[in-house]
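Take a look at the structures listed below.
Common to both upcoming complexes is chain A, partnered first by chain B, then by chain C.
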Partner chain A sequence: MTRTRLTFLLMDAPFESSRTATAMRLIDAALDRGIDVNIFAYEGAVGLPLAAQTAHANAVHGRDATEEDHPLPREWVAALRDKAVERGLAFDWVNCGLCVEERGAAGSIEGTRRGTPADFWAMAAASTNTLVVATA
Partner chain B sequence: MERAEMKRLMIVETRDPIATPDAAWGTGLLIEARQAGTACTLMLAENGTLGARAGASPSWLVAAADAGIEILADAFALAERGIPAEQIATGIRSAPLALIVDRLAAGDPVLWR
Partner chain C sequence: MKVLNILSTGYRATLEEQDDTVLWISQAMKRAGAELDLLLRASTVNYVVEGQRVVPLSIGARSQRNAPDVHAQLRDLAGGGATIFLLREDLELYGLLDRPRLGEVRLIGAGGLPGLLSAYDQVWHW
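Let's look at the complex of A and B:
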């Protein structure tokens, strides 16, 4: 039986738009349904899996970093990656290499890789369907 | 090249329809597709759900419902914004966001706005 595979293209930088969280919810729902996923991170979205993201304290609220529990997109990406591995599903996260260089954003978490927009074309061509979550 | 038949079309509108008049473009496209025989769905998500409030729906959203467009609103986004089910406008239904994944998996075209 042919497996279902979806490709998602993300464009928004971390900590900027609710589109990121919504897209992560969609990817999570796809994994829940046993669907293999590809993610092509374009432009600012290459910052989503940056390993150097660090949670911070909130002096206004009087909370330390642990109490503040600031959400980090790299943890969301890692959670989705781990969920896919646990379920035996494909999870191919590709960062646009040119976008990485432009932003000096090298250093992503394990389980992500560098690529080019041609990878997005190949992903879409090999997928059941593709959703482009463009910037507003 | 053979022209593929499009049976269903979904547009996801994430922007506040009051603050973003351009959000009307999507319903215009859906109404034309519906008139051509395509089943159409408008999924309101994120701030797009602000247009789902009874009394706050823009005229073009009402027109879309009247034209037979299925209009859904992400239940999660509605809850985030404190919009209870009884305040949703007639013709709009609450639905899980994951419906988008189901449509994608079925091969339906989905446009994100």
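Let's look at the complex of A and C:
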């Protein structure tokens, strides 16, 4: 039986748009359905898997860092990566290399790699379909 | 595989990036052998208008030498074999129907979109 594979292109920087959380939920749902996934992080989205992201306390909420349990996109990426591994599914996260350089955004978590638009094209061509989640 | 890129957001970060980043990734993919066309709608229809020019950006003492030229990007894509479609209704809404424009574009009405979209393996909306 042919496996289904979906490619997602993400473009928003972390903590800027609800589109990012929605896209992560879509990827999560795809994995739940046994679908292999590719993700191409373009422009600000290369910040999503940055290993240096740190959860903070929130004085307005009256909570310390532990109580606040602030969500970090790198943790979402890691959780999706780990779910894919557990279920024997493909999970290929590619950061646009030039986008990383212009932002000084090197240092992504394990399980992600650097690539080019040619990688995005190859991913899309090998997929059942592609969803572009672009910055508005 | 044949892809239609639909562009809806014009001049997105063009001053910082020195180009439209969706046109840029389209150019990069074309150079890698991709078969893709473009449909311009909303504010991106202005990209086809002749005679537009961007003054290089200056912030304090930092002056940019190379300003973006989205019109030239489109011309490059058309020269590389991409078909550039332009949504007629949006061109009219922006008052640009009679302005001199890039010759290589094809006007299409909203009624023609279902047929156009169904001619592609994938459609990406930016």
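Before moving on, here are some points about what is shown:
Keep this in mind: the second predicted complex is superposed on the first by the 136 of 136 C-alpha atoms of A that agree within 3 Å, B and C clash if a C-alpha of one lies under 4 Å from a C-alpha of the other, contacts with A are read in each partner's own complex, and residues count from 1 in each chain.
The criterion applied here is as follows: a contact is a pair of C-beta atoms (placed from the backbone, for glycine too) under 8 Å apart; a residue touches a chain by one contact, two chains touch by 3 or more.
Note that the structure is a prediction, hence the values are computed from the model and not measured.
Touch criterion met: A:136 reaches chain B and chain C at once. Judged by the touch definition given at the top, the superposed model places A:35 against chain B, while chain C stays out of reach. In the superposition on chain A, contact of A:76 is made with neither chain B nor chain C. Touch criterion met: A:18 reaches chain B, while chain C stays clear of it.
Contact with neither chain B nor chain C is seen for A:93 once the two complexes are overlaid on the shared chain. In the superposition on chain A, chain A positions 129, 132, 134, 136 are in contact with chain B in one complex as well as with chain C in the other.
Of all residues in chain A, those touching chain C in their complex are 9, 42-43, 116-118, 120-121, 124-125, 129-130, 132, 134-136. Across the complex, chain A is touched by residues 14-15, 45-47, 76, 97-98, 100-102, 104-105, 107-110, 112 of chain B.
Within the complex formed with chain B, the chain A residues making contact are 4, 6, 18-19, 22, 25-26, 29-30, 32-33, 35, 128-129, 131-134, 136.
Within the complex formed with chain A, the chain C residues making contact are 1, 3, 9, 12-13, 21-22, 25, 28-29, 32-34, 122, 124-126.
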